[in-house]
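Chain naming follows the written order as A, B, C and D, and within any one chain the residues start at number 1.
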Amino acid sequence: MADLTTTIGPLQLKNPVLVASGTFGYGQEVVGLMDLNRLGAVVTKSVSLEPRPGNPPPRICELPGGMLNSIGLANVGVEAFVEQKLPFLAALDTKLIVNIAGRTPDDYVAVIHHLEDQPNIDGYELNFSCPNVKKGGLEFSQDPTTTAGVVNVIRKQTQRPLIAKLTPNVTRIREIAQAAADGGVDAVSLINTLVGFAVDVETRRPRIHAGAAGYSGPAIKPVALAKVLEVAEHVDIPIIGIGGICNVTDALEFLITGACAIQVGTANFIDPGSAPRIVDELEQYMNAHKLAALPELIGSLKKWS
Amino acid sequence: MSALPSRAVCDCPVDAITEVADGTHLLRFRSPVISNQSLPGQFVNIKVSGGQHPLLRRPFSVCRVNAREGWFEVLWKVVGQGTAIMAQARPGDTFSVIGPLGRGYTVPESTRTALLVGGGLGVAPLPFLAENLAAAGTSVEVYVGARSKGDLSMLEAFGSLGLEPVIATEDGSVGACGFVTAPLTTRLKELQGAPDAHLFSCGPTGFLKAMTALSKQYEIPGQIAIETVMACGFGICVGCAVPAKRQVGTGRRYKLACIDGPVFDSDEVELDG
Amino acid sequence: MADLTTTIGPLQLKNPVLVASGTFGYGQEVVGLMDLNRLGAVVTKSVSLEPRPGNPPPRICELPGGMLNSIGLANVGVEAFVEQKLPFLAALDTKLIVNIAGRTPDDYVAVIHHLEDQPNIDGYELNFSCPNVKKGGLEFSQDPTTTAGVVNVIRKQTQRPLIAKLTPNVTRIREIAQAAADGGVDAVSLINTLVGFAVDVETRRPRIHAGAAGYSGPAIKPVALAKVLEVAEHVDIPIIGIGGICNVTDALEFLITGACAIQVGTANFIDPGSAPRIVDELEQYMNAHKLAALPELIGSLKKWS
Amino acid sequence: MSALPSRAVCDCPVDAITEVADGTHLLRFRSPVISNQSLPGQFVNIKVSGGQHPLLRRPFSVCRVNAREGWFEVLWKVVGQGTAIMAQARPGDTFSVIGPLGRGYTVPESTRTALLVGGGLGVAPLPFLAENLAAAGTSVEVYVGARSKGDLSMLEAFGSLGLEPVIATEDGSVGACGFVTAPLTTRLKELQGAPDAHLFSCGPTGFLKAMTALSKQYEIPGQIAIETVMACGFGICVGCAVPAKRQVGTGRRYKLACIDGPVFDSDEVELDG
């Protein structure tokens, strides 16, 4: 029987299959549709300091092999999160990672302050694809200096595991990942959505109200894998792989390339049972390939001669 | 009210599929779970292909249900890729269906006269609602509008309940010529302000706007079943937002069509378009 | 009858439908499979100073909605190009744009020297996705200063229209496009391939010999449109839209977003008749929408209220 | 030699489709153009679905041709998505086919004895070649290897030309037990160095390597038909490179399987794998 436990820096998980922020609500919505306790960890929807109503519709549109979204980080805010959402999540038999969004470094700090004295939180994932108000809307992780700056501030606030979730919309993601590592995060999550755009050619309007939006789903998997490869080859930090993962083959591609865990995103919408199925099939693959434990798989990419 | 805790992901075999009107199909799925749990106005979310094309599920109202025999039906018109694939279904094929989903029609205790109004394919959720209302002894009147005779469907379903829908077609090929709002308005004038009358409607946005206006004008409260694009159908994508009319506090507020709806009170949400 | 002529800076084309470099060979390969004279222009495969054998196989792999390639700029070299390939292309009743690849700014200059005295060349498209040997493999258009530098050198060599073909693998493509514009190019082509990666989970080897490779096809269209939108909104330069264009709807999305011409790439492999069909259907769309000329369509994107 | 200028993009109706062996299908397309222009060893590139999934065409050898009646056939085994879709084809369906493509087998003037050797589905291009050779009066011997009896196909095609293939199956269910190289080697020993004998083979890489080795060992020149992944099939993607054995000048050189091949002299290209 293959051992599925994995380690993300200081975090020990029973298996490497997580669900991605913003694609699993606050967990409660999925009750009855899948067994949450089968997950390696739950990552919550991004929580911000204040509640946010989100963007006007249309917020989503379907594309071949993917979708665009601009939800606008709609969420209940950290206070309501602690009161209304945390109790359910904390009672689950899986690890809990709270994803945090902010417009300024202080926003992240303030959210963490609200969460620090809550037990049963196993780590924070920092959504660095948020537009940074001070930097004219450039996402936090689009620039190494900004990334290092915000990480430095946040690292001082907590002993809990910190994961920086990076945007793929950059020239050299290795530089951003290195800056985040230098700043003291324990791992990086790669990737958040690609910037995408679509037009309705009859109305000639953008298909998403906000205009450019986040592209997710199977179509972005090759790009996500390339980002994981780049960071795995150049930076010494644990990687959580994200992007278009729908089945065990997708998950294996990320693990082999160097991710020590993966997150299932858009696939939850189509099949909320995807993540537990990947856990089962991963175990089958490892047994069939006589792999006793995950480290034999992680980063086991072979080069062409 | 919502039956959230009882919904499930089910592999449902196709019992039967019929083309009931031009390009309009009625499909009967076998599913004891979904047929047992569904309420009128709720919907199911169907994976129309085994592969990833199209990627997302397609939402359809529960049209008719037989809990005892363990089946439910959906009614749809081919408008794109997903609905075209579904039209190719054959008895014995199996589809992954999530349901029942959403908040259906809520029949107020006081209701004695229920006016069910369907615009085009908006007729879909009404047979199930009519059946439940009729079984509860409520007086049911059905109004159906369509472009033309060939677009009408489910009339026998109402007939078998002893109901004779008032029909209007835009080309006059059957029933009154024009919009169904005309005969409906005549009736609403009679009912104006009646505390025991209620309007239940479903149809395209323009039609629902008209229903909302009539509801207000003739002081007959109403509920509307709306359609939005949906990525999940059960509350995790937050993509199906509809602006709320009654704002709580300041700033914009949104309802989610998939869990707060798809049925809303007619003064609850903004209908654009 | 709608007027399909379009203007790309100094270039006048009979219609806005081109074929993309590296996806149409040297034109001759396609004879009998489509009518080359229906094209707004032919863009050649990248021509380099010396002939290049290209990369070891596997060079390509298919993905859902796209493909990866790492051809390694296999080409006959500029001398053989002039002798063996140019005569056929020059005789066509369409414009000819020669795409040029280099490893150093001098490479581009040298190729242009070989081409300058050849008649019937209507412009040069500069493939700036080539790894720059002096910049440690960073693509020429991954940095605004490098882009401006190489454009400055090339601009001095020719009066012919110059088009900079940019890589999408950057943080802010508007800065690169602005640098290219400032350096004196007449237009930008957006986009070259995204960096993508795929793994064979049975052999655990990369599916492409070279490792990371170029991702093209329908799956990249939303990203390409977002890049076109970004440049159209911020830089005053004609744009040629490229990325996943297979049919007239795709072409319209690019034109409406702000491209004044488009290139068909991967779709040529599947259906060499795609480009002429788009010309026909574009004319039909314009007639149906009562648009007399292309400028009424280009950049006609409507915003949500 | 290549018939490049005559290839075309054709919408070809399906005349007939048969499952001729386990998971192996033979499909007859109607196409006067392609059937008229094809040469043995050439291939066609088929768009298997109307949509974009799979995105690329799928290449198949021309298996049999009747130019007079205007049809050609392809033979394939279901190995993935594309070949599975093709197996669903029904008479009357239409596929977009590009062909004929590539450089087929070249029969040297001197050839009096032609040995045709197919490994597994590598039998596909051989019926067409056998027919042309037989018509030209060349003595043809056919060797076919397969895993098991159920994997064998096209035997009647050879039979109808009066040819009786020598068969070997790995499980011994029909013919010699083991690889077809065994009976072939026996024959090659007899022919060793014969100037009028020629080997024409097609099959998986390992098999082609064996053929190349035998060709060399017994001094009987041979041609092999190879398979590579292809994006276009007609020379514009430059994706189907195979390392050339005979290098021109220094450095690596490649041949393109789709236009320089798929048939090569057996000492022309490196076979990896």
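As a convention for this text, a residue touches a chain if its C-beta (ideal position, glycine included) is under 8 Å from a C-beta of that chain, and two chains touch if they have at least 3 such contacts.
Everything quoted here is computed from the prediction, not taken from an experiment.
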item	value
Touching both chain A and chain C (chains)	none
Chain centre separation (chain A, chain D; CA means) in Å	48
Intercentroid distance (Cα basis), chain D paired with chain B, Å	57
Separation of mean Cα positions, chain B and chain A [Å, integer]	36
Multi-partner residues of chain C (at least 2 other chains)	56, 63-66, 218
Shared interface positions of chain B, touching two or more other chains	52-53
Graph class of chain-chain contacts, one of line, ring, star, complete, other	ring
Pairs of chains found to touch, sorted by chain label	A-B, A-C, B-D, C-D
Touching residues on chain B, where the partner in the complex is chain A	4-9, 47, 52-57, 96, 98, 228-229, 231-232, 234-243, 251-254, 259
Complex contacts: residues of chain A adjacent to chain B	22-25, 29-34, 45, 53-67, 69, 71, 74, 217-218, 246, 266, 268-273
Parts of chain A lying in touch with chain C, wherever the complex brings them together	56, 63-66, 68, 138, 142-143, 169-172, 194-199, 201, 203-206, 209, 211-212, 215, 218-223, 225-226, 228-230, 249, 252-253, 256-257, 285, 300-304
Residues of chain D touching chain B in the complex	51-53
